[in-house]
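Chain lettering (A, B, C, D and E) follows the sequence in which the chains are written, and residue indices restart at 1 in each chain.
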């Protein structure tokens, strides 16, 4: 298409990939942490809760900087991961990591809220029928939490599509590798006359996020209908 | 205290004020929109839903720029509001507006999720007892949604404490008026060797948000206990 | 070969022109990562795979040099820029910027848009210039500091602030503002964009790229943007 | 005030198509599980909008699909006792009970609250929240909440199913009083024959979404061709008046045609009308007046109809001085005693067989 | 396998302190609303951890506060039919029914599923989700789900309260079969005297969190001093065997001492042990053998005890060839007939009075 240049299409594809991975990879730990916060009592629970919210509280630049310090090739975790072949620094995986971490609080909150709304009496019913805690979680709690998971996922996806500050600070803005849509938009906005180009990218970004939003609405309505019975 | 200079204390106070107002003023429209999205069917529902999520998807700079265009003193809404004495441009209220709008999607999602979890059979029971839709909402739905409202509010507060891109673009950074903690932190990070100063402000910001987080946990546990019965 | 260039975001337009020309001329490709100088410098400190760094101010280049991260020999002051006072009013008549300029009176209740005066280069230069002219104390409370020059420019362009201080390169391309005057050279440290090769980088292609930047093709591109080219 | 209901509604596989008129008093809806009782009650409450039809309470139309009329539930002024209690979990028991009052016209009877909580035995629960109540406690609070809303129409969906016999015995008279003393129509879903017999002014029997039988309690329960609650429920309802109280704890009644009956004391003044449900299986027949027997009621009757069942039983319809009686005996007894239509026999009935639950204040003529 | 329960637990104002042993078979818990039934069942299920005490099933200890032993609910292999159905709303009825199977040892009886859904009449619901079921349908699915989990212990908290009489009559025999054919102990909460009489191997009566009476069904229901379900429930339980079937639809039974009884057909082979609940108010007494009367059972007895009640009634304990019988008559009859201890009298009992619901397969000697 002539709407966007090849480099811009690259940014679109990369943003999609980053947002999808940020969301999907965030789900398992997100569900775990949400469950822990909703249902368990353990020392350090408030610390965990605080940590989860940190990316929300900190200016994104700070989060990006902290990521650079820890997951950069010279950072303590980054160096260790590099040994086993996992690289985040200046790689699209790093953009996904940054987006995932920025989106994590949103994911966790939504899922946690949904888990808290699951009637514990249904979980008890599962237990009396022989299901262990893990099975009850998998067969009762988790399915009933689907609306929240979906809701959290779509929030996370939208956030990941829009995330910029932490990403550009952590993995820079390398076309084809770490240049996501928001970074590209940012670059356009930094120079005179870039507004029109920025606007086109904004439109693409909004279109993608809206499509995801509507898909999630349809899906969540279907889930709700199923549970209401029919 | 000697930890922070007077200008920094000003930034702390301003950030608190901005975050509180962004959260509190966001609640009524947030609840309304969440209710509309959760329970009503109307044309343009998906458009509203998209609009609400927009600040999440757009790079904050873009949001800030759009705010400048609409709520600036020359913007269509800004000019009208100026007539009746409401000014956002270069004013702390503008910072609150920007933070509120950035936090709005988080607020709405959490509340919406909670509203969707309210058993409609309880609302029906309220209706049979003579309560009109509005009364049912006020006496049944709303109280049962409290955990979600609290959850949304704390997310919004944290987000507002950390918001920076849209705020600085919209109301820039005038010490004592619109210089929030994140702007101050950002400024420190722009110069070589500013990390230590930034860190002190980050610590203050985190401390405030954690205090709010813990307060909300305590409150929400109390609510949950009441509803479980005791 | 390929060269990875970390360049200040304000150079986007120029770099977008130069990179394809470089490829055409040498057969090598230049990948340009554009972000704030501070972010780029920190990334280089953290081991970013950059070969060339072009900073929007000497401060961060100095910091990298102190850390031994750049080839000191390769460092050149590539570009220069000047600082201008702009107005929203299209009818505004040019004025000379002197210590007697009644800037504070001109502002009245309104704001003067600048970049962050303690953090962002354009802001730092602007504050230095105003101080040198003895105007700073009068306008300080009225300064609206944006996080970058472009945002300051936007404030003036939308009319939110009647006046602002930005780079000449930015002012030139924005139809919504009028340049009132240029700050005298001596009122602030020279505005330079240093470029250098990163120590761990691929030296051959990087050197070629740096050379290309100093060449006539690049010079033309820079000048179209309003930069002063400092290299010979 | 009477309630007219005529609606059709379709849920996936289930088709409801019913019409009945509930006269003032208490109308029992019964039928097997899944026959559509709750669906009807929901339609009357306004919680379900039927596909088509009309629902009117007195001269107020609640729903009319042709005239596109629809009153929302909160305008209908109902007291709905749900099959599942549906208490508000965030409110205390007291707040739950008073919920309907906020929206009701101000009080005629300020002591109503105390009376209701005393009857329901929920005074100790007032400060608690529903989450920690037992099943029966919850149901009692739900009953109280509906009754205290000062409704113009009471809908009760199996209100007593979760309660023990003793508690039921305490609450039943309250429904009787509501039925007799107020003009509030009551639509009452119940599976329990004793409740039906005792409370019903009229009965609507449902089968697979259709009305299979509709009439006064006397008619439906006294018709040997219809034993819709199971054979056990067949029985006659006799309208009588209290004649006098004996001092050995018995009350003597007089029914139509001067028929006298002795039953355990009913604490009402002589002259009070009563209705008694006499189950068919509690009545014995004898062709010669039995003597030296503990049964106190030996009533001369004439056999009006004899109906052999599929099993070993036979249902005998009797005329006792103009009152209808039903007796359930074995077919063997029919042949041994040589029973036939028109024959004069004696119905033998124990005073104590007329269980407490089956004696009810007579309905006002209405 | 018997279940021993001895626990104390305190909820705010409510104090539970009970101990009983439930022998194999079916143990009915009854008591008024709020007396602690569900609390006990929850403790046995492991959903509530009592403050102190011990719960053991056979030689397996489920809970012992002294030894700090606690088995989590999913290890207990229970089938708990909750007072509120608690179906999984996201699963279809079929998936709900099969839920427990995932965790149960593999099947001895592959046709069990079909048998259970047929008995419960839920075959047409299998593909639906619980949200759209009627109250009774939901409860039936909940019963099925618990039964299909192949439990070692069944807990049933008012399982039939929401069901119509006909449906109850279909499900009760299943519980009987469970009680008699398997070794699975059943703890069963019920308010309905007919269910208690029919199903109970033993009965635990609760009052305000304490056991007020505990014994075999025969003992508790046959003791005129205890009529804990209300006077209506007093009655004797007679253990008998089927002697032969008559072709007019009657079955002849023989009880201890050669006592013969005629009741409506019971479709079991001759020789099958049965137990019959004969309610005291269905028994008449005569001092002379009545003749020409429809009652088929006229049993010579001796009066063992006479107990005057507070009201007009008297409860007479009778010995019929060694079987205990109870008769409820008026005090007036006692004096008119001159009844006294030791007197020989005739108990008159209609065949049809022995209602279907009160005839049960006799418990295996346990």
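The working rule: a contact is a pair of C-beta atoms (placed from the backbone, for glycine too) under 8 Å apart; a residue touches a chain by one contact, two chains touch by 3 or more.
As the structure is a computational prediction, the values presented were derived from the model and not from experiment.
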item	value
Number of hops, subunit C to subunit E, where each hop joins two touching chains	2
Starting at subunit A, fewest touch steps before arriving at subunit E	1
Chain at maximum distance from subunit A, centres defined as averaged CA atoms	D
Same-site or different-site touching of subunit A by its copy subunit B, using the half cut	same
Identity of the chain that, by mean CA position, is farthest from subunit E	C
Approximate Å spacing (C-alpha centroids) for the pair subunit B, subunit D	57
Approximate Å spacing (C-alpha centroids) for the pair subunit A, subunit B	20
Whole-Å gap between the CA centroids of subunit B and subunit C	35
Numbers and ranges of subunit E residues touching at least 2 other chains	12, 84, 128, 132
Sequence positions of subunit A contacting 2 or more other chains	61, 65, 186, 189, 230
Subunit C: positions in contact with at least two other chains	none
Every chain pair meeting the contact rule	A-B, A-C, A-E, B-C, B-D, D-E
Touching residues on subunit B, where the partner in the complex is subunit D	121-122, 124-133, 135-136, 139-140, 143-144, 226-230
Residue ranges of subunit A in contact with subunit C within the complex	61, 64-65, 68-69, 72-75, 89-90, 168-169, 172-179, 183, 186-194
Residues on subunit D engaged by subunit E in the complex (per definition of touch)	11-13, 30-34, 37-38, 83-84, 124, 128, 132, 134-137, 139-140, 157-158, 161-167, 169, 191-193, 229-233, 246, 248-250, 262, 264-265, 281-282, 284-288, 290-296, 311-313, 327-333, 337, 348, 350-353, 355-357
Subunit E to subunit A touching residues, read off their complex	45-47, 72-74, 76-80, 82, 84, 86-91, 99-100, 102-104, 128-133, 145-146, 149, 155
Subunit A - residues contacting subunit B, complex	46, 49-50, 53-54, 56-62, 65, 105-106, 109-110, 112-114, 116-117, 147-148, 151, 155, 158-159, 161-162, 164-165, 182, 185-186, 189, 198, 202, 205-206, 209-210, 213-214, 217, 224
